[in-house]
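Chain nomenclature is as follows: A, B, C and D, assigned in order of appearance, with residue numbering initiated at 1 for each chain independently.
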Amino acid sequence: MADKIGIYVCHCGSNIAGTIDVEEVARWAGKNIGDVVVSKDYKFLCSSLGQQMIEDDIRSEGLTGVVVGACSPHLHEKTFRNACKRAGLNPFLCQMTNLREHVSWVNSDKAAGTKKAKALIFAAAERVKRQKPLEPMEVEVNPATLVVGGGIAGLQATLELADAGYLVYLVEREPSIGGHMAQFDKTFPTLDCSACILTPKMSEVGQHENVTMFTYSELEEVSGSVGNFKVKIRKKARYVDYDKCTGCGICTEKCPRKVIDDVFEAGMGYRKAIYSPFPQAVPRIPVIDAENCTWFTRGKCRVCSKVCPTDAVDYDQKDEIVELNVGNIIMATGWKLFDCKRIPQYGFGRLANVYTNMEFERLCNAAGPTSGKIVMRDGKTEPKSVAIVHCVGSRDVNSNPYCSGVCCMAALKFGHLVLEKTKAEVYSFYIDMRTPMKDYEEFYQRLLEEGMHFVRGKVAEVTDAARKPDEKGKLIVQVEDTLLGKQRRIPVDMVILMGGLEPQADAKELGLKCGISCSMAGWYTERHPKLDPVATMTDGVFVAGVCQGPKDIPAAVAQGAAAAARVAGMIAKGTVTIEPIVASIDEEGCSGCRICNNLCPFNAIEYDEEKKVSRVITALCKGCGTCVAACPAGVITGAHFNNEQIFAEIDGILWDAKPQAEVEIASV
Amino acid sequence: MSNENFDPKIVGFFCNWCSYRAADLAGSARIKYPLNVRIIRVMCSGRVDPTFVLKALADGADGVMIAGCHPGECHYINQNYKAMRRYEMLKHTLTAMGVEPERVRLVWASAAEGRQLAEAIDKLVSDVRRLGPLHWPRNWDENGERQKALDDIVKEHEEAMEVPA
Amino acid sequence: MAAHIAEKKGTFLEEVIEATPGGERLVHCIQCGSCGGSCPSGAEMQYTPRTLIAMIGANDRDAVLAANTMWACVSCYFCTSRCPQNIPITDIIYTLKRMSIAEKRYHDTDAPALAKTFTDFVDRYGRSFEFGLATGYHLLKRPISMMKMGPMGLQMFTRGRMALRPTKIRQIEQLQAIINKAKELSAK
Amino acid sequence: MKYAYYPGCSLERNAAAYDHSVREVADLLGIRLQEIDDWNCCGATEYFSRNELAACAVIARNLALVEPQTDQLVAPCAACYLNLIKTDKLMVDHPEFGKEVNQCLAAGGLKYEPGRVTVRHMLDVIVDDIGETAVRDKVVRPLAGLRVAPYYGCQVVRPISNNDNPEYPMKMDHLLKWLGAEVVDYPVKAHCCGGHMTQISEPQAFELIRRLLQNAQDYVADMIVCMCPMCQLNLDGYQSRVNGFFGTEFKLPIMYFTQMLGIAFGIDPQKLGFGKEIVTAMPVLEAKLGGQPV
């Protein structure tokens, strides 16, 4: 083959040229690397003039491959690929090598930098000679979208898309949409009533012509790929006919079985065995909790069935699997509360008047079990002093190392509510007060004015072991007041633990179903932490809300809307381009050993039972290349990263290490 | 021999998502570290075929660094675990062939761990410097024995890979 | 050595880290006060462990080694087990004790004397010796409290809980050789 | 089951009751204890205050003396237990340091391979290895009606995990329940007894002792059951002095958990070292267990 390679070495002002002799590198490459017909250095290759130069060379010299030695391909690979494309060269015949981040910026020795730059250029040149033109594939995008999770982030995404005229399927695990926000009393820093701002959105979703809700349902299975996913939804048996039920609520009223509600009421209140979690639930169709229903457990009762005016109760209902076709998926699966019992020194579960933040949300909620009265567990006594403990299960390597982000503000909100509703003294025990968003610091200032006490120190323990008479019968919060440098013991009546946010217990499992991964902490991994925060590594799957990382309501809403915008963009365009970096199997050589089948986490390799060979489903392949490396017969090829290309790259990168080369180096 | 002036050549196979970006970050943060590791980008540490490593050593590298995302953070879900498994086998093979397994190292670096990556590179370079040059190419006979031995090793690996995943 | 690994600046922080296995966690301290809040002797301490860590960071070597914090420590390990940054605080306290003893910076405490009496017994007999410890150390340091100890000591005797003579291990020379080697190595 | 046994200095005299009851109970439960020949003192907390390498070398001598046939070593004293396990862990986690310790041992002709010996506390052996069924099977005289406050102290549960909660351990609670006792769930069960502070600053030590006795009394315990000779000495031996210092009237017997196992198993109290405690346990045992328990 008669390759004609062009080599371009960027100065990047003095960023590269400062510690690499770029002129020498270009001169040397032109002389020493085979098939090189052009070798130039240039001040700023990414400038329009620089790109133009490459384009001109491609046309005039008939270049068959281009090597750009500049910055990270993560920054400018697209730029130079497009330049090649404009000049009629397949973009995959352009290879970038990173002289800036990997050489000039990490080193100050010019000779060493120049030497390494030569090796990198050599490797890229050897590689580009073996690169093949690749064409991206186009697939059509199904305009329907699946949203998983009916919390505020999922609701926002749903409404944005539905309002834009696109079909949305919304899946929610609980009997009603609304999520955690429905449990809150007030929202910081404005102190809006949570229900007042949430319930209109809920009913809008419930009534929207473009939305199909699946409540009390779970995502069962995902197959297919961007543009054309097939999903299975498990509609759990509600034992109430969705179409017949009018939501009148007589069944709940008459149900004789009371159960502690540890989901919506966080264990603070009761519900019936047939129930809707809260009055404004959407849909208003109740569910029967079979584990506690007297009919299901003892074969007696049937009161709900008897009182139902529309004969909607159906004890024989079974789980149902619904299959849907969607083009995109938005995961908005939310979070769960840290289990405060994991820190026994704070006494939750052992000391009656130690509360979690979710318990306290219900306690001060006007629709909660005490109608919003702040009283202790005895149900009547108002506390005279309340301690709010920050960072419970956050910022601690023994539980979760990350900051949950919302607890400082929620603690301030609690402080305000206690001061407003009682005469209690309120103490906040914080490590660092974090109030970084709009009007948050102002809210902190407001609480300072309202007389909340702030003690800087992580609480060591909450105990009922009194040492002095004034501690008798109290909960004692033991802490170092780090601003005084002194240990303090503060007796109080009530303690609120600000439990942190944790990923859902099944987040990982659910993520695997649609091919997205989790961080160490268990949050879904976005494609780029700054510049691509709602997309994921799997095309067509987006994330929104706390499932991607701790955030407050405004941020969750913004992310929901952002995910919807990304999906709307895909739908509006109508087609999607799939990267051609995928694996393929040469069926002739495949022995049918099936080793590769199990290696693929995306189930992109199928086995043809008849032909006894494996085959790559191109649309599902993400191009990681693990199967390529594992194939014992060596018949799997990874496009753009095949063995020949990588071997050539190794050859080039070690050009000065081979025994025969040492002689040459001496003479260079 | 004295290793003070020995400037080891190390080939790095870095995954596109975490470790290559960690190296980018080390650069953006102007963290200084030795230039001995020359990086080849692959999409995933799972792509690193043991033969790449053996070829690099046979071509004159004194060491190899394989870098991937942290376990549990792989952009391809869990392919780095496969890299980990291969790496364990590879170390046995290297030992059998008389190559100090310390020359080949698997490291995890998230895109945020530029400093940690620089430290790992620093450590590997100083360890390889301590071990001295490998001189593998010159240790092979030139009469075809070299190719045969390499083929044998590759074959052995292929057999090892047949352990069901 | 690469330039990015901070050149040794000879700070006290580096010195403490060097002298404590796992001490490198010290740089992660967020000054939360878990240690100071948890310490059963917190009230006795002139500086809480958290303050001491801040002082180490501020290179306040003299004040740290003269502090009474280490001598109030009862080795309950609450600070270590509760530290949200996994800093081996109790071990760091031991490091500071050793430094303070080696440089005789301590004052107003008998803890170093107790430690010396105790380890001397181990060096000589291979076993500790409560009676000897009680008499030797107390006669040396606090004769008055020795008198208060009287009735209690008597009760211990009558119940056979206190020996008058120390037990000596058989291979005391072997132990001494080991100890001498350790002292020789750590002197370097 | 065979275990190497490291009694530690306290168990020779001051805590002979612990030693005797450990051996008696072990015998009955089929735990074969083989005392390390010519073991030496673990150096308590004191050696670590002076010289870390020497401290570890002194401790490692005992690890090196564990016979090659066994890899399980039992220590009943919390301080000895922690020193042994901590030294082994230091040697494993910091190989360079481990080499230095071995250099010291070599001066005495010994060698210890880090990680070879698993150090266990007696409580863990009984609860984890012997287990509920075997313990319950042996109970002939249930401790019904006796309100016992299990006291764990510090160094077994912290800082190295023994698979119990370092803040709120439960193993001894379970064990005492198996014996039929009424277990007091009180918050300070893993707080500090003052350790060596009785020798250095009595006011400080007495305050720590008072907190424990006060809390156990507030929770109406008949006695405190402990698992460390230092805890026993401080709470029992100093109890009258604490009373004198604060004007309190504590009268809480402090017993070893193995002694309580022993009487529940019907072993002769004499053999278990009953009567060696300073605050006598006899009256409460007689009152609560009825008739003549001992």
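Some observations on this one:
Quick note on the criterion: a residue touches a chain if its C-beta (ideal position, glycine included) is under 8 Å from a C-beta of that chain, and two chains touch if they have at least 3 such contacts.
These numbers come from a predicted model, not from an experiment.
By number of C-beta pairs in contact, C-D leads over the other of A-C and C-D. In this view the innermost chain, defined by its CA centroid being closest to the centroid of all protein CA atoms, is A. For the pair chain B and chain D, the distance between mean C-alpha positions equals 50 Å. Centroids of chain C and chain D (each the mean of its C-alpha atoms) stand 22 Å apart. Each chain gets one centre point, the mean of its Cα atoms, and the points for chain A and chain B are 31 Å apart. Contacts with at least two other chains are made by residues 31-33, 118 of chain B.
Touching of two or more other chains is recorded for residues 78, 82 of chain C.
Along chain A, residues 345 each make contact with two or more other chains. Residue ranges on chain C touching chain A, taken from their complex, read 30-39, 42-43, 47-48, 50-51, 78, 82, 84-86. Residues of chain B touching chain A in their complex: 9, 11, 17, 20-21, 23-28, 30-33, 35, 38-44, 46-52, 55-56, 59-61, 70, 72-79, 82-83, 86, 111-112, 118, 137-138, 158-159, 161-162, 164-165.
Residues 9-10, 12-16, 38-41, 43-54, 56-58, 61, 90, 93-94, 97, 100-101, 103-110, 154-155, 158-159, 166-167, 191-192, 194-197, 199-202, 204, 208, 211, 237-238, 240-241, 275-278 of chain D are the ones that touch chain C when the two sit in their complex. Within the complex, the chain A residues that touch chain C are 345, 391, 395-398, 431-432, 456-461, 478-482, 485-487.
Those residues of chain A lying in contact with chain D across their complex are 343-345, 347, 350, 463-467.
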